[in-house]
Every structure is written in C-alpha cells, then in structure tokens.
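The structures come next, written out as structure tokens.
Both complexes below contain chain A, partnered by chain B and then by chain C.
On to the complex of A and B.
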C-alpha cells in the first residue's frame, strides 16, 4: 500500500503506433461440435413422427379450449378449490419441514472438513440418487405403503427435499470463508464449536433461503402430485378434467395460478431480503 | 495429561492471566510439499515481552507464529509455552492450551453476519462446555469478560452490531477483544495491520502495546514494515529463510540490520510513515473513533 506507483507512465504525446492484437486463437473443435449438434437436431426432428397436418388446427383447438375454460368459469367451485389448494399447501409445508429436519444434519456430515470421507461419499451419492428420481415416481413407490393420502405426497416431497436441500447445504458449508473457522481453531474450539461459531454464522442466511425456496418448489410440485390421487388441488383438477367440465377446470386453474404466484412472490421477496439485503448493506 | 503448572485453571474461576514464556529448541517445520518454514530455530521469549518479528514473505514468520499455538506442528524439536509442552499436546489438551493463546490475523477473521458479541465470545469457546456453546448459553462471567475486552479496545458501543458493518480498523479491534476474552498468557498477531490504512494501523499497534504494558501479556507481532517493528516492539527478531538472522533490542535496530534481514536495500516501501518513526518515546496513538 505504501508502495507508490513507480511504473513509468506512458506519455500521452507519444507518437501513435499501430496496435496489432495477437492472432485470434482458432479452435477446430468448435466447427466439428457445431456441425455435429446441427446434424443431431435435424436427425431428431426427422425421427419423430409428427402429423404436421394436425398442427394446422392447433391454434384453433387451443383457442377453443381456452374459451371453454375461461369464458365462464364456475365461480361457485372456488371455495372448494381454495380448500383443496390449502390441503396442497399443507402437503408442501409438511414435506418441507420433514425434508429440513432430515437434511440439516446430513448436509453437515456430507461437507468436506466435517464428515469423514466414507460418510461423505455415501451421503453425496444418496443425495444425487434422490435428485435423479422425480417426486411423482417417489410418491408412486411409497403409495403402496401409505395409500392414497396427503401424507404420501408430503413424504414424497420430503424425500426429494433431502436430495436437494442436502446438496445445497453442503455446498453452502464448503463455500464459507475459512478465516472465521481458523479463528475458532486458534481459540481452542472443538469440531462442533467450529461448526457452530465458525461456519453456521456464515451459512445460516443461505440455509434459510434454501428452505424457503424448497417450500416454493413443493407448492408447485404438490399440485402435480395430486394427479396421482393423493389429494389436494391436483386431485380435484384431474377429476374435473376427466369429466370434461371445462368451466370448473378454468376456475381451478385460476385459483392454482394465483395462489402459487402469490406464494412464490412472497417467499422470493423474503429470500432476497435474507441474502442480498444483508450483502447490500455490508457494502455500504 | 497432567502438567506441573501453578496457573493451570482448575475450572471456570481461572486466576487472572499470568503471562507465558515461549521456549523453542531446534524447532523445524517442514511442510508436506517439502518447503521448510523454520530451520532448527532455538529461541527464548520471556513472559511479558513485546516482540516484533520481521522478515520478507516466505521468511518463516508466519510459520513461527502459527507453530506457537499449534496451528502448524513441528516436524522436529521442542516447544514449551508457559510450563506446557505444546509440541506434545494433542486433542483436548491442545485445545485447552490454544484457549490460553490469543491470535490476531491479517484478515480479522470475524464471522461478518453475526454480532460483535458473538465473535468475541469465540474467545470463550475453549473455556466453556460444548453443550453451552452450541446453544449460545454462555455463563454471565464469560459475557462479562467479553464486555470488558470490548471496553478495553473501545468497541463496547458496537457490541450488538453486525461485525461486517464495521470498518477494517474496528473489525481488527473486535478481533483483539476476541483474543483478550480468552484471558490469554500469550497474544500472537500475524501481520495485524497489513490490511489497514496508516492511522488505523498505528491505532491497532497502540492497542497491542497497551495490552502488553497494562496486562503484562506476552505479545508477538509479525510485521514487514520496519518503522512499526522498531516503534512498537521491545525486542526485534529477524527471520530469513526460516532462520533467525537478528535478535536484539527493537529501538536500536539500524537500517543496516534490516538490510541484512531482508537481504536487499531498504526503501520507502518498507516504511508505513506517520507517528511511529519516532515512536520510541511517542505516546500511544489513539483514535477515539473512525468513520465507518
């Protein structure tokens, strides 16, 4: 800092020399990869049998169904729709809480520097395995045990939540600054004291933000889970679609969209407040 | 492990901190990548001394500081702090000894998103049961020690502020308070002012000198600026390539001595400037407050 800039400054009056940039690096693989991808896309298009003639009618069909659904929505079904939506949100909430409770300790054990290597590998494998399976598949699997109840949906969301929350958690833990951890070591702190006072104060806002984000995901996923019959708004939507009662379907869709967007916006605002809000003030 | 030590705290009610001496014998630090940090160093530091350690980066001054609290372990040789064999300490015993040695870092190493108080209470971790610390249920005496430490560095007003909202100089003072809350026998400081502007650097060095003079704590400070080393230390140790090349009174160290330590002519970049160039007699610089 005390080292003053001793580098010689180029004079502004120096004669202008033509500046030649170094030759642009050429990568022959770029061309090969571009051509390969283009060919692949074209081949895929040809391989799928699409009845192009029918697509001509597609806009008209869409317009017709939109008209059926939204020209005169069955508003009298809204109270029932709200009730079912509430049950979906409950499913999402319970699934989120269960996922948090289970994933929280696991993400610490899966983090480098805390958990022993074998435990870490097993947990990380488990997390990615879970993430590879969609909620609806998990729900179908546990359906045989728990039956067609909202609990099935909640459990499916919880299991899937362990996969995502576990991964986000250990990544957040591994991303903290090493300085405060070193300070706790230097002060004689033990492993769990290091986690509590070196890592947690740094990672906690991110954890809370992940939990909220997972709740948002669950609200959307819980509507989909209803399709297999575990209750909630998805269940109701499937029934009325099967009976082709379009005005009711329209009303249900309006309720689902409004509730989901409202929860997304609220939770998103809180998350921004938690993560960015503090950062912005830190810079000030 | 039992040690013959009169001041071993029998429990929470540890006596007032007694300063610790440091004794290194043929101490060698060789890192896994083959780099030699310290090369057969023998060194005696008496309890209550204030020592400046200077050298270029890579000279081993960080290795020396980090060896003393066991963050870096010796490859061979012995290290005694107080009456304890630091080089033999492991696990619980090592943590207990570290609990008696405060450390101050160049980058402050505070957890920015939590309060100043929580950061200072890190200094009480080794003196408190794990169960209590996990839920943050520190005893009143530990909190009292934290308040007193903050008061000593003039940061008590900020006790509930977030650490990240403080300026660099204020953060370093909180870090000093964290070290003081340990009731340490030794305070180690690794380039404590290298990230600070000159007036703040003098204020922080003044704080370190004050805890040495008023509390009698042994203080070791790594520095690379020779006016700070001369002005604030009583004793100066020069390191080069992991060996001690100078050991004598700080105030009388000449520019030629520094050129021998650095192995090159010294220039403006080796001086901070400001109050310390004649600081052997100057009163401790204290800034009442600084802009956030």
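On to the complex of A and C.
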C-alpha cells in the first residue's frame, strides 16, 4: 500500500527512484510487556478454581435453560412482577432525589475556586471512598439500623449517589467557561452571586443530565439490591431462581429488560433534549 | 411590559412554564413514591427502635478484626482472578462485536441492528442478576461469576468502542475502499489501527468496573469476596465486614491506579 500511495508523486517530480519502505518501528518494551501480561493471564486462567473441561457442555446447558425460561414464560406472574418492579423503581427514585439533595451543595463546596482547600480535599476523598464501595455493601451496613425495607435500598442508593454525583458535579463546575464568572466578579458580585449567575446557568444542563443518568444507574442497582432482601424485583427474582421455577424467572427477566430499556430510552431522550436543545426551534 | 417601555430590549424568552411543569411532574412522582401503602415506607419508628443496636454495629466498622485477614486472602485472590479472566474473554469477544455494531465497519443495517438490539438487551440486566440466575444454572463457584462479568463487559465495551469507531475518521476506510478493498480488508487494514487505543482504554475501564463488581458477586454464590460478605453479614460480624470493605478499597484503588498508568502510556 505504501508503494501505491507514493507512486504518483515520485513519477511526477523525479525520475523513478526505488521506493524503500521505512523500517517497521521496533519497541522492545512493548514485546516484554505483552509477553509478561500474556503469561500472567495464562497463569490466572490455569490457577482459578474452574473446571474448564466442564465448559464444553456449557453452551448446550445454557441454551436448555434459556429454552426453559423463555419458551413458555409464566405470564400470570407479570402483574406481581410489575408491582415489585415499581417497588424497585421507587427505591431508585427516592435514592436519586436524596442523593441529589445532599450532593448538590457538596459538589459546589468541592469545586476549585468555591470551597476552601481543606473542605475540598476532605469532600473529594469522601466521594472517591464512597465510589469504591459497591452499593450492596453500603446497604448491608445500613440495614442494621433501618432493617430489611425498601428504605434501606433507597438510602444505600442515596449514599452511593453522593459519591458519583458529587464527583461529576465538581467536574462540571470546574469545566465551565471562566468568562461569565469574571464578568460577575467585575460587576462586583459576591461569591453566592458568582455561583448563581456565573456558574449555574452554564452548568445546569450538565447537572440535570447526570441526575437523570444517575436515575438510570439506580434503576439497575435497585433491582440488584433486592438480592439482600430489601424488596423489589431482585427479591422476587432470587426466590424464584432458588425454587428453579424457570418459566417465572423468564417472565421476570422480560419485565426487568422491558422496564429498564423503557426508562433508559425516556431518560436518554430527555437528556439529549436538555444538552442539545430542540432542533425545531433552532431552525424556526 | 418590557417590550413597550424599553423598545431596545428583546422580550424575555418564554418557556418558563416548562420548568414549572418539570418540577410539578417530579413533585408528583415523589409524592407517589413516598405515599403510604404504595411507596417507600419512610417510617422513622423502625429506625428509632433499631437505632442503638444498629449504631453499635456500625461502630464495629471502626475496629476491623485483623485476625480475620488470613481467611480473606483466598476469596480476595479469587475475586481478582474472576475479574481478570472475565476482562480478557470479554475483550476478545468485544473486538468483532464492536465492529459489527458500528456503521463505519459494518455498513449492513440489518446485521448491525441485530447486534445492537441484542447488546441493548444484554446491558439491561445488571451483573448480579445474571450471576444469581447463572448460579442456579451451572452451580456455585467462580464460573457463573465469570460468565456474568463477561456479559456485563461485552455490553459496556462494545457500546463504548462502537461509539468511538463511529466518531472516528472515515478517511482511511474510504481510501481503502477506493483502492478496491473488501469490507473485511478495510476493517483489518484501515480501521483496526484506529480502534486499538479506544479499545484498550475501554477494556481497562471495564476491568476496573469488573474488580468492583466481582467483589459482590459472591453474595449470590458466584465466588470471591462476596461469599465471605454473605457469611459475615448473617452473623452481623461488622468488624469482619469492615476488614473486607478495607480490602475492597485497597484493591480498587490499586487497580484504578495501575489502569490509569497503562492508559496514559497508550495515549
């Protein structure tokens, strides 16, 4: 291909000169690292307690179970499944709202230029600490106080939401254009007025957009939280899985998938409308 | 009034009602989600009843039971093994699938649509639900956890990489097409070199998510630290739970750091 690319140019400018392609770049480190990683991965595959020989039958097994689940789903369980899904979505919604309410002021305090340095440092540490702990573990910790109720799920999602929303929030604030902020300063605005008129109008679409995104995450996470018994669709799904009632499991999975995809699509459409604006009005 | 009194000023933009409408809808949904009977029960008396006992338990988190450490080593290692294996398998599977799912590398709208729809469905189910169902299918152990993580990985990596392909430069592909290459040759020679950096990036990102996810998969019997979490939580041994959480924190931070170093090198 190199020869093809260069041929017309050489023919036009100078008499034919043998075209020697440049030597391939060599990077000995790349080879060393690739080999090292490959060996490590092979060791991990070899050392894990999995009977790899058994995986030969796996596709057939899984196909059999998929058939059991989806060939004749237990449609009569759908009303109950929808009710439990509603419990999960409630958890997601309440958790999302609580997370927003708490993280909103904190993300401003954690942004450079607004919060004092020590506060900023502590808050950022807190956000990353929270983000590293899975929400199901947070739920296990707080259920000793709140018991096995949907409230526990909502609180766990709220705590986890503080970690992610706080981080996205201060990043959005720090990413705004400095012009309006300088303009507010120049007009003699206070710190509060800077936030209200210099930062918020720029950052608000992003904030609303990741609030919605967090709700999408919560919808998935709330289904998972049911596994420890706080109620909702996850709870129902684990019990029917343990009884190995595959037609019901199939129906529940269908409900989960449809509800999740529907919420994702709605939320995604709203997010696009907020961040990109309406096309129609731009043209008018 | 403004337009009449100050002819130089444009009218205030309309559409404020939309914000109030949005706030109204949010308030209505919130009211329903908190309504007694159908909503999240915000009963404070249960919290007050459990308060002393519960805070005592949570207080135990501050004094980790270090003697528990030897028992956590094997599950911790299994967690990391699951994450590594799932990331590798997921990454290998994701390369052809991302090419199938992107317009530049697969101009056929039918096959592209099929792959995308399937992946949207795969992504709609959270990893722990996969693990719960797979444990019932293939039995307790690391294997269902690995399969659940692979599904989770493929969902994310293919979505992110195919988006990266779409936003990439169509030039090399067009050049190869003009030179008479077939679609496979175009993908292999012209587009694949551009795909590697975002691919490695997203595969590493998925690996970070896997490490987090694999720590809790054991809660449903899929191996790793989660098995221990499940054991200590039934006995309310929060001092031991505290040690496990600490280990998760250390592992997650280390892996994130290593992955950040590699990603910086790739860029």
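Definition applied: the second predicted complex is superposed on the first by the 245 of 284 C-alpha atoms of A that agree within 3 Å, B and C clash if a C-alpha of one lies under 4 Å from a C-alpha of the other, contacts with A are read in each partner's own complex, and residues count from 1 in each chain.
Going forward, contacts are C-beta pairs under 8 Å (C-beta built on N, C-alpha and C of every residue); 3 or more make two chains touch, one makes a residue touch a chain.
Worth saying up front: this structure is predicted, and the values here are computed from it rather than measured.
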First, second, both or neither for A:20, with chain B first and chain C second: neither
Partner chain in contact with A:179 - chain B first, chain C second, else both or neither: first
Broader residue contact with chain A after superposition on the shared chain, chain B or chain C: C
Chain B versus chain C as contact partner of A:141, first or second or both or neither: second
Touched partner set for A:244, first chain B, second chain C, both or neither: second
Partner chain(s) touched by A:192 [first = chain B, second = chain C, both, neither]: first
Which of chain B and chain C A:55 touches, first, second, both or neither: second
Footprint overlap on chain A, where chain B in one structure and chain C in the other make contact: 1, 4
Parts of chain A lying in touch with chain B, wherever the complex brings them together: 1-4, 179-180, 182-190, 192-193, 196-198, 201-202, 204-205, 278, 281-282
Residues of chain A that touch chain C when the two form their complex: 1, 4, 41, 44-45, 47-51, 54-55, 58, 61-62, 65, 86, 90-91, 93-94, 97, 129, 132-134, 136-137, 140-142, 144-147, 149-151, 154, 220-221, 223-224, 227-228, 234, 237-238, 241-242, 244, 249, 253, 256-257, 260-261, 264
Residues of chain B that touch chain A when the two form their complex: 69, 71, 94-103, 105, 107-114, 118, 121-123, 125-126, 130, 133-134, 162, 164-165, 175, 178-179, 182, 197-198, 225, 268-269, 271-273
Chain A partner contacts - residues on chain C that touch it in the complex: 29-30, 33-34, 38-43, 46-47, 50-51, 53-55, 57-58, 61, 78, 81-82, 84-85, 88, 120-121, 124-129, 132-133, 135-138, 141-143, 146-147, 179, 189, 212-213, 215-216, 219-220, 223, 229, 233, 236, 238, 241, 245, 248-249, 252-253
